[in-house]
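As written, the chain order gives the labels A, B, C and D, with residue 1 at the start of each chain.
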């Protein structure tokens, strides 16, 4: 199994605060990885480094064997590396369909085409509608995204993340703020997408039910470092993890 | 050599006018996050109020300045409570537009009230005359301006660094939600800061009236200079505004001496370069 | 902004057709002054439309558009003074403004929000200082005078005189309508959608594979082209170009017009340009204190209808765009 | 029935009110309801009072003309517009006044930039504009003498006065060898200084020009400029900032002790009423020590004629102000227009211009003579030292030296003047 993304000895500082401290991590294709850890462990910073939002102070990153350490965000997306956001980040005043069209057009290299109306982009629209069906929002396509329910907005967030047809997709707390019903739906969706689309997902999650239900592999982070990684069963038994989660043990039950 | 020193001292007095107007602009931006386009108009209103109290009403100059500060502060309070506070949180373009609307209103209002002829009351006796400095005569008036400017700098520093009130304001500037959460009355802080900013603008306008004319349009002349200074010093950075006032004031005095063909152009180049290279300003870490 | 650009309703289409017909008939039914005023309005409409591509559609507030307006005007004037050919003059003006916008845009789009506004202000004022000081080229504070209303000419093929005001009106009208149409197209194209996505969330757009800075530069350049076109239409009309057209108070005109009309509507800048001139023209007839009334109208609109006049007519109530990242307090009192 | 009655009475009333108006119109021998004169000046910004004075001068002239039966029986109607000192606004106003309001003539304009922009537009609008303040020499030298725009007529003295008169006064002061300049940082300031240097050098090859400082429009603090030129130890200062800027420049020079160190300070437009009012207290205390010299396009204490005295009296009665020069020139422009139209018996531009040829007319400011080559009404002006005079509540120009128009006006063919610093 080849590594899709390889992070080697990455370090990121913010002033005196070391957010990520010499992290090395390999993410092979087809393995659904969950990154867990207490608040401030550096999970989101790791995503930001991997996707290009931040450049590491030290260390390298390789995607499908190519070095991408200094590659701008949008080029990483083009290469097949995308993400969702922990804090809702959708195009609130655009319609649901348009939200999906933005990445679809960008991937097709047609985002800058100025001379004809959107309706003429039939292939892109067809593809966007297909994605809407996948995320179960086909009836909402003309609604302004900002008017959707919270759950539907999270689905849309997920839809935008998978619209570029990524090979590797980071999902930052996909289940946060969802009702149990919605959470189940999102989990199903992630599972289905990883088989149907052959997208490799990496999720950052607080909800351990979700983590243990979905993940093939778990990475535990603490204080900017990888504490341990391994299959779910192994992690569940690990003492160090329990210590890190002291007070949160019930989550692991 | 003496001429150079003398010119530097003149530049220092110029810098203090610039400091007074950019100080208000800076704290308003720092705390409220608003670029107050009408700040120059508050400067102008302050000058007119001081003129009326000192000229026609014949009150002592310091009293006139005080009354002008109160009057302009009240105007600032009305602007903030009555208008600006209604549009916090919406697009900053609208805040800019609103303050632009105030420029139009205030410019015409002063013309309706005071007429189109410029005003320049006599110099108060205690500020008339000159003292020998570096073999030449340095106006007492400019010394007065330097003193007021430095006094304001010290007072502001003491208030922000050493008082409970200053800490509240700094906390609000750093994170208004957080400040609100820990019990700070954010709207009141906003009003207070805006009023203080307006008073600083008024002070800048008021102390100049015996030597600088009061006329419609002087606000517009000041606002761009104040923008340049706050940008160079770092938007919202009070210390930066002070240092950059010194630099701009003294440099332009030397520019007048050594490069009479010195152009406005370069000041905008400096502003643009600072924005590009150090958008946080020259004097922010 | 309508999330899915709707097809125009039949009523609206009829209204637009009637309006365009009326504009074409204007010189026959109205006096010289309304025709002149119509040209001023069209020029400001084009200027504002370009500005709103930046503000309303890309989320960038430029306070230096007058710089590009002036580049267009001065370039057109210089060309007309050398070669009396209107096509060349206007095309040259637009091209120069576009190049200037592209070059300054590369620097400007490194920032957003207030820093972008300040940077564009600085660039605009730099152009103003150049217009003011480079006397040999720009005529200094007296500007360039005696600019001819040159014929529309393709050498050796055709030459149409537009020296008469009514004829020049059609030049302005046709070019403005074409510019409006092109912008309408652009807004509804993939590029328009991409720009709106950047306005909504630049981080999201970047992570959707959009090279955000490049698209901001494109929007900046297009806005510069529009400012240039508006500027280039001016010298043949007034026969003069003077430095104040590059001053920041001129940059404020499209800002005012756009916000009056409404940022979040395609027609906002056009309606706003109309209101800007008509309000001013009407007030000036009654009182010399027109500024104060204009100011009051501006304040009332901002407080009462922050979506601009067009929002009064909007079918759905649309929220003014809020920046969720308003809380990024880079600015602190230190 | 009762309703009808009241309606009838209203009609009757209206008829009574309107009737006298009808014959007046019928009396107008030019076939127009009234002669409309569009008036423009800067009524906003720091120079707003100059535009206001233009308006007051025009209004009073129209009132007096109408009270005396109008022009060939036609009433004169004026309409003032603020040009904001901006070329674009001035041009727009001119178009509105002529094509919308129906002005037959226009008058006024403070700024040189506005004047230069309006020139070609006037040709297009086919209306004469009487320029009554804008000082650029290029208006008449380039647009009239070279480009033959007949619609431009100038009633006020251009920049010749500011520069050439100064040279003529001080050429004989052997004690002054070092001149320094505090100039307005735009064309007016450059040309005045260059023209002054050029003229003075002809008479006095020995003088030196030792320093210059330039202050842009809307300068509030001249201290750096003053101290910069004083560092060169000049004998005399040539200063061109005007209006409020002139007053604060003088005030700031006083507190730097400049008047203890120089022999002469020439404040070009220092004879303007607003400036004299502004320095009144200092003049009373003789703080300028007789070293301040100034001129103005018209000054209320000269000429000492009944016409002028009566003009001042009427003006003060009407407006409770002293007339500034822009008021006198505008007032006079309307009477020039009256004389020309009466002679031409027409409102056509060509005929009115023809009627002005050879015209000599007595105005409050003295005799004005039309010079066809550049269409200027040239006249003599005084220069002097601001002093108090018991007859006036504000300073006057004393120690008057009157200069003949032929001596200080430039003559065609015009040689170019450098317009840079």
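Observations on the model:
Basically, contacts are C-beta pairs under 8 Å (C-beta built on N, C-alpha and C of every residue); 3 or more make two chains touch, one makes a residue touch a chain.
As the structure is a prediction and not an experimental result, all values here were calculated from the model.
Common neighbours of subunit C and subunit D under the contact rule above are B. With centres computed as the average of Cα coordinates, no chain lies farther from subunit C than A. Taking each chain's centre as the mean of its C-alpha atoms, subunit B lies 36 Å from subunit D.
Centroids built from CA atoms put subunit D at 74 Å from subunit A. Centre to centre, using the average C-alpha position, subunit A and subunit C are separated by 41 Å. Averaging Cα coordinates per chain places subunit B and subunit C 32 Å apart. Multi-chain contact residues of subunit D (touching two or more other chains) are listed as 43-44. Counting only residues that touch two or more partner chains, subunit A has none. For subunit C, residues that reach two or more other chains under the stated contact definition are 132, 290-291, 321.
Touching chain pairs in this entry, ordered by label, are A-C, B-C, B-D, C-D.
Interface of subunit B with subunit C (complex): residues 26-27, 29-31, 33, 35, 83, 86-87, 89-94, 96-98, 100-109, 111-112, 160, 169-170, 173-177, 220, 224, 227-228, 231, 235-240, 263-265, 268-269, 271-272, 275-276, 279-280, 284.
Residues 43-46, 48-49, 51-52, 211-214, 216, 218, 220-221, 223-225, 227-228, 230-231, 243-245, 247-248, 251-252, 255-257, 260, 274, 277-278, 281, 421 of subunit D are the ones touching subunit B in the complex.
Every residue of subunit B that touches subunit D in the complex is listed here, in rising order: 3, 6-7, 10-11, 13-14, 17, 107-108, 111, 115-118, 120, 122-123, 128-130, 136-142, 208, 210-213, 215-218, 220-222, 252-253, 256-257, 260-261, 264. Those residues of subunit C lying in contact with subunit B across their complex are 55, 61, 107, 110-111, 113-115, 117-119, 121-123, 125-126, 129-130, 132-133, 248-249, 252, 255-256, 259, 263, 289-292, 294-296, 298-299, 302-303, 306, 320-323, 326-327, 329-334. Residues of subunit C touching subunit A in their complex: 1, 3-5, 185-186, 188-194, 196-197, 200-201, 203-212, 214-215, 218, 318-319, 321, 324.
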